[in-house]
Amino acid sequence: MKPCVIQVINPNTSLAMTETIGAAARAVASPGTEIVAVCPSQGAPSIEGHFDEAIAAIGVLEQVKQGKAQGVDGHIIACFGDPGLLAAREVASKPVIGIAEAAMHMATLVATRFSIVTTLPRTVIIARHLLQRYGFEHHCAALHAIDLPVLALEQDSGIAQNKVREYCIQSLRQDGVGAIVLGCGGMADLAQELTQELSIPVIDGVSAAVKLIESLSALGLTTSKQGDLDYPIAKPLSGMFSSLR
Amino acid sequence: MKPCVIQVINPNTSLAMTETIGAAARAVASPGTEIVAVCPSQGAPSIEGHFDEAIAAIGVLEQVKQGKAQGVDGHIIACFGDPGLLAAREVASKPVIGIAEAAMHMATLVATRFSIVTTLPRTVIIARHLLQRYGFEHHCAALHAIDLPVLALEQDSGIAQNKVREYCIQSLRQDGVGAIVLGCGGMADLAQELTQELSIPVIDGVSAAVKLIESLSALGLTTSKQGDLDYPIAKPLSGMFSSLR
Amino acid sequence: MKPCVIQVINPNTSLAMTETIGAAARAVASPGTEIVAVCPSQGAPSIEGHFDEAIAAIGVLEQVKQGKAQGVDGHIIACFGDPGLLAAREVASKPVIGIAEAAMHMATLVATRFSIVTTLPRTVIIARHLLQRYGFEHHCAALHAIDLPVLALEQDSGIAQNKVREYCIQSLRQDGVGAIVLGCGGMADLAQELTQELSIPVIDGVSAAVKLIESLSALGLTTSKQGDLDYPIAKPLSGMFSSLR
Amino acid sequence: MKPCVIQVINPNTSLAMTETIGAAARAVASPGTEIVAVCPSQGAPSIEGHFDEAIAAIGVLEQVKQGKAQGVDGHIIACFGDPGLLAAREVASKPVIGIAEAAMHMATLVATRFSIVTTLPRTVIIARHLLQRYGFEHHCAALHAIDLPVLALEQDSGIAQNKVREYCIQSLRQDGVGAIVLGCGGMADLAQELTQELSIPVIDGVSAAVKLIESLSALGLTTSKQGDLDYPIAKPLSGMFSSLR
Amino acid sequence: MKPCVIQVINPNTSLAMTETIGAAARAVASPGTEIVAVCPSQGAPSIEGHFDEAIAAIGVLEQVKQGKAQGVDGHIIACFGDPGLLAAREVASKPVIGIAEAAMHMATLVATRFSIVTTLPRTVIIARHLLQRYGFEHHCAALHAIDLPVLALEQDSGIAQNKVREYCIQSLRQDGVGAIVLGCGGMADLAQELTQELSIPVIDGVSAAVKLIESLSALGLTTSKQGDLDYPIAKPLSGMFSSLR
Amino acid sequence: MKPCVIQVINPNTSLAMTETIGAAARAVASPGTEIVAVCPSQGAPSIEGHFDEAIAAIGVLEQVKQGKAQGVDGHIIACFGDPGLLAAREVASKPVIGIAEAAMHMATLVATRFSIVTTLPRTVIIARHLLQRYGFEHHCAALHAIDLPVLALEQDSGIAQNKVREYCIQSLRQDGVGAIVLGCGGMADLAQELTQELSIPVIDGVSAAVKLIESLSALGLTTSKQGDLDYPIAKPLSGMFSSLR
């Protein structure tokens, strides 16, 4: 099996979160897999709404372009809204996986229904739209927001982590679910501990995405270039976007 | 009734198309309405896929920000994929309407089922996703692509226009629809003529969006700032995005 | 812009409610728009269930026929169940808009999800069915009934109005919605005040429908006469229905 | 088992069709069941659109009221659009079944997917809406219209009957269905012959509804009077509707 | 009317429950109908999950085969998960009805929305999947589990029966439903009493299925042998399955 | 990384197909993964309908039980109907993956829409039901049956293989899809060649399932034992099923 280089793109500019995400990716990577954790050089320090996502999408595309030039074997979009996913698939020749889809797919494989625990209430609609797009509305029993910003997860206080834990426990009690999906890349480091403690699959999308990229790679499957995910039509991009082509 | 200034944003950088769109908007604007047709200073000359849309979304946000600073009463995103729609709603204090949603909403008010005639086959998936998001899957009987690029609509040859016309006629014959939605801002000037010729509502989203903005404005309704469309959370945007806040 | 005459049909026989509805329509009508508020000469004093709706539908058709003879430019069905909507579209040559659809469409343009506050619990199922028919099930987060009859809204006590207000506030707190749809023509006069007070779009379908008729009219769009909304097939109607043709 | 009197309401005023329908009902009625076939004294001679249905609904309600006064054990609405179904359920104390729902329910019990063969193309939308309302969209693979008016089925030429037969055969070949639903009360007499000839369940809703009424009656089940199908709220109905209460 | 023999198959091996079910079936059977209540000679004493259902399906198929050899006129699968339903339809030449589908169908005929009261929480997912398959998701407002095993219903203490009654009352208060479906064959004897006491249709699938089989039989309708419910393709079954062909 | 033993269960008794499937599994297994390909000692030689599936489910459960006793790290159900999937998840403590779900999940990661090419027309309904259950209805554009039995794929003539190839090519031309899912375990050996030849992802579920098991295993995720996939409730199973517990 040839080595596999996976580019893990944290779509925000937080270096701390990039490290958290990179570590989570490395923790599950196969022996032959190399994880390259990156974040855009410009953009927003956290992604907490549609506006932030639009900006993040450009950062994702820049990084995908760079990763492609470096010959990586797959790209991960490590933000729970999967910003720029289909655009990135157009650009890439190799597989691209969003962590929301990764976590949701995995959840349906180990439980009949799952819940999602995310950060701010305003991001819940993003998860709702993804559930609809991906086809998992019937598999998601509830969405919970801990009502703390994304970057609270990078603080040492443990407050955000405790809230995640509380919401997971509460969801277990009342939602009748068999699994919980963590709805933020910044929660990547909590999944395994919570899985152990709660005796229920608590799923992080970053690690899930690593395995899906490895899987597609090993299967010889890559983003289809037939039809609507074909490479973007070549056209002159002006201004700050000129570097994107 | 106080005058209403509507910013019509062509998300691509084609000035010709910006003019086409602006003219279509003016043609239906109420006496008290002023149309300001703009396009991003940088971006892609046409929007024909997810990648182009991601770029277009940034252009849309820049223009919404500018329009907001100028005190416009509403913003139209004049590309059939409605790129950046929810992000723009976050940024704006006034209503924001995409031309795809505008055309689809209007179509459901005059017919039980409609079809869509768009440009390149690869953009069909974008329309499909919007139909799902907006709730109109059951109202859309068919999607057709004329298989010509967006900018072919700006050429004088009339080839693209003829193809649009042919597909409309064909759709009428075989799809059992009562209305046709034109799936590109560049088709804005064709709607009225086709409506006359085919004796069926052929709907252009640009003009439809103008009336919806005027309507919301007159009703005193604007984008809800309660919940998930609230203004983006203030945070330092770096690099080329710093001007967006 | 040529003047536009809009017939606002209150499908029940309450003159007080016809006035409320007419006033709400006039309050938002464009300068060139004339509002003709009518109600059937015979029928039910309020519409609170499927049986009442069946009766109301006939009244609607009679009025549409009269309005058509008078050359009006559009018809509004001012009862939240949109009774007789598709039948009226068959009869009319001009646009016909129901206030439920009008309010729901507008709500989706200013918020990602809305709730509905209606009168009696037994009318909730009617709204549910409309949400399904129109495609807005995913956009409606909750339905609330104030549990007072329609005509309580015409009393001076303010009891019903207070209940509407309470339910709106409660919905804001618990439903995670960005807009509220008022589910009864008799609530038309409450929308603007509540919109102000609650800082959230509170949407009345009567005024929304006025703007949609004006919009379609200005766009040169009218009910499609191709296909299933074509004029009713001419046939001898007997008895009390003979006047309907 | 006590005798069961079933009122079969042909919602149009065609006496010939009332007889066809009555005969179809009697052909499958249990020994203890009496069929009373009626039609409204006033209304439309055939139901071929939403307008006709609105009129038919009143005729249905009048007849349900009469049948209720006569103490019948159940009511059948023998028009494929099930006009006035929920209104009739409000009025009735006994079960009310529409022939569209009856045929569709039965079809799902003998095949995984069915098609519908109806009369005029403009009635297809009515069947579509019922499929959605009843939950059978996934079970219906195709809808076909023979493009002949309802009353063509009452002519002796056999032309309409032949067309029904042709469409059934064609549907069998191309739709991959296991059963066919006849989409008009006037086709009630064709079902058994076609079932024999085509070796596939060809389902008539009139006879199906008879058995469902008998079934509910024997089970001691009747229209729920808890909640939204409770008797209409008593209120003064004016004009031609005064006799409805 | 020729006599009708209905085989009621209790898919578990509990003789007591087989008797309960048989009695419920006989209580509603028409004079000319003979009920043959059977259960598999081998299998599980109760069906409370997917594993139990897989076993039950084989028992059902054995019994259907035997019933077919005996020339019965229809088969009922008397377990709320309808185990083996489509497989049994392949094997049978006569109609096969599951009690879950029977109850759900009947519920939609007497109420706009229903709830389900079942046994163990782990069986709720089975009902959910059936609602989706059958198309009744929109008609089911809530699912409740009394949290007692199936066989508790066969004990004389009345504890399980009381719990069923409590949940029915609670559902009536909070779910806004017009009917309640009892979600276990072992509750068959409770339906009529609860219907009386609660003045709402409380529906047992066993008795409902009896009437549906009688109905299909009288209509000359049987499981379609065209297409995907055709008899199983003849092939050598080995080992313990050799007796199934 | 500790070695991973994956039990690949061919639910039919064909040894040739078991070998094909085992080889396909081994071809993509990671270095540390051992593939144990098994089939039930008794059952049906091919699975081509619901009846065959019911039998296959028991074989699957027997093998899962044996694999569990042997301490395997995951189980694959290598028949495109995923027979016994949820039952197997109840029995297993380790992950269980069906090849239909595996292929469908993977297809949605590399294309916006896919088609399915399966064997006999009667199995199409099984795939339809799975698409609905798994949430992928919107992602599947078309289902095609080559109209040859499963075991034709094990013959040396190449006829079946050619038909698969033809249908893939035809689907590419007309369905507008970006990927093709092979709808039978017996097609496992065709995927890679067709992927190469057609320049589109042609997806085999067996190999996809291997990677998903490896992925879940590496992630420390396993079938949730909280809730409805908990181990079957212990109860005396009689007769031929006694060995299942």
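By letter and in written order, the chains are A, B, C, D, E and F; residue numbering begins at 1 in each of them.
The rule we apply is simple: contacts are C-beta pairs under 8 Å (C-beta built on N, C-alpha and C of every residue); 3 or more make two chains touch, one makes a residue touch a chain.
Owing to the predicted nature of the structure, the values given are computational and were not obtained by experimental measurement.
Chemist: Spelling it out: a chain qualifies if it touches chain C and also touches chain E; which chains qualify?
Modeler: Per touch definition, common to chain C and chain E: A, D.
Chemist: What's the overlap between the neighbours of chain A and those of chain E?
Modeler: The common neighbours are C, F.
Chemist: What chain is the most remote from chain F, judged by the mean position of CA atoms in each chain?
Modeler: C
Chemist: Interface overlap for chain D and chain E, more than half of numbers shared or less than half: same or different?
Modeler: Chain D vs chain E: same; shared/all numbers exceeds half.
Chemist: Taking mean CA positions as centres, which chain lies farthest from chain A?
Modeler: D
Chemist: On Cα atoms, by how many degrees is chain A rotated relative to chain F, nearest 5?
Modeler: Value: 180 degrees, nearest 5.
Chemist: Express in whole angstrom the distance between the two chain centres, defined as the mean CA positions of chain A and chain D.
Modeler: 52
Chemist: Could you tell me the distance, in whole angstrom, between the mean C-alpha positions of chain B and chain C?
Modeler: Each chain's C-alpha centroid was found; their separation is 27 Å.
Chemist: Which residues does chain C have that touch at least 2 chains other than itself?
Modeler: In chain C, 86, 112, 121, 124-125, 132, 138, 176, 227-229 touch at least two other chains.
Chemist: Just say which it is for the chain contacts: an open line, a closed ring, a star, complete, or other.
Modeler: Topology of the interface graph: other, matching no listed pattern.
Chemist: Among the chains present, which pairs are found to touch?
Modeler: A-B, A-C, A-E, A-F, B-C, B-D, B-F, C-D, C-E, D-E, D-F, E-F
Chemist: Quick one: which bits of chain D touch chain F in the complex? Just the residue numbers, please.
Modeler: Chain D residues touching chain F: 112-113, 138, 176.
Chemist: Would you mind writing out the residues of chain A in touch with chain B in their complex?
Modeler: These residues of chain A touch chain B: 13, 41-46, 48-55, 57-58, 61, 84, 86-87, 89-91, 121-125, 129, 132-133, 149, 227-230, 232-233, 235-242, 244.
Chemist: Can you list the residues on chain F that touch chain A in the complex?
Modeler: 1, 28, 30-31, 86, 95, 97, 101, 105-106, 108-112, 134-139, 172, 176-179, 192, 195, 199-201, 203, 207-208, 211-212, 214-216, 218-229
Chemist: Quick one: which bits of chain B touch chain F in the complex? Just the residue numbers, please.
Modeler: 121, 124-125, 132
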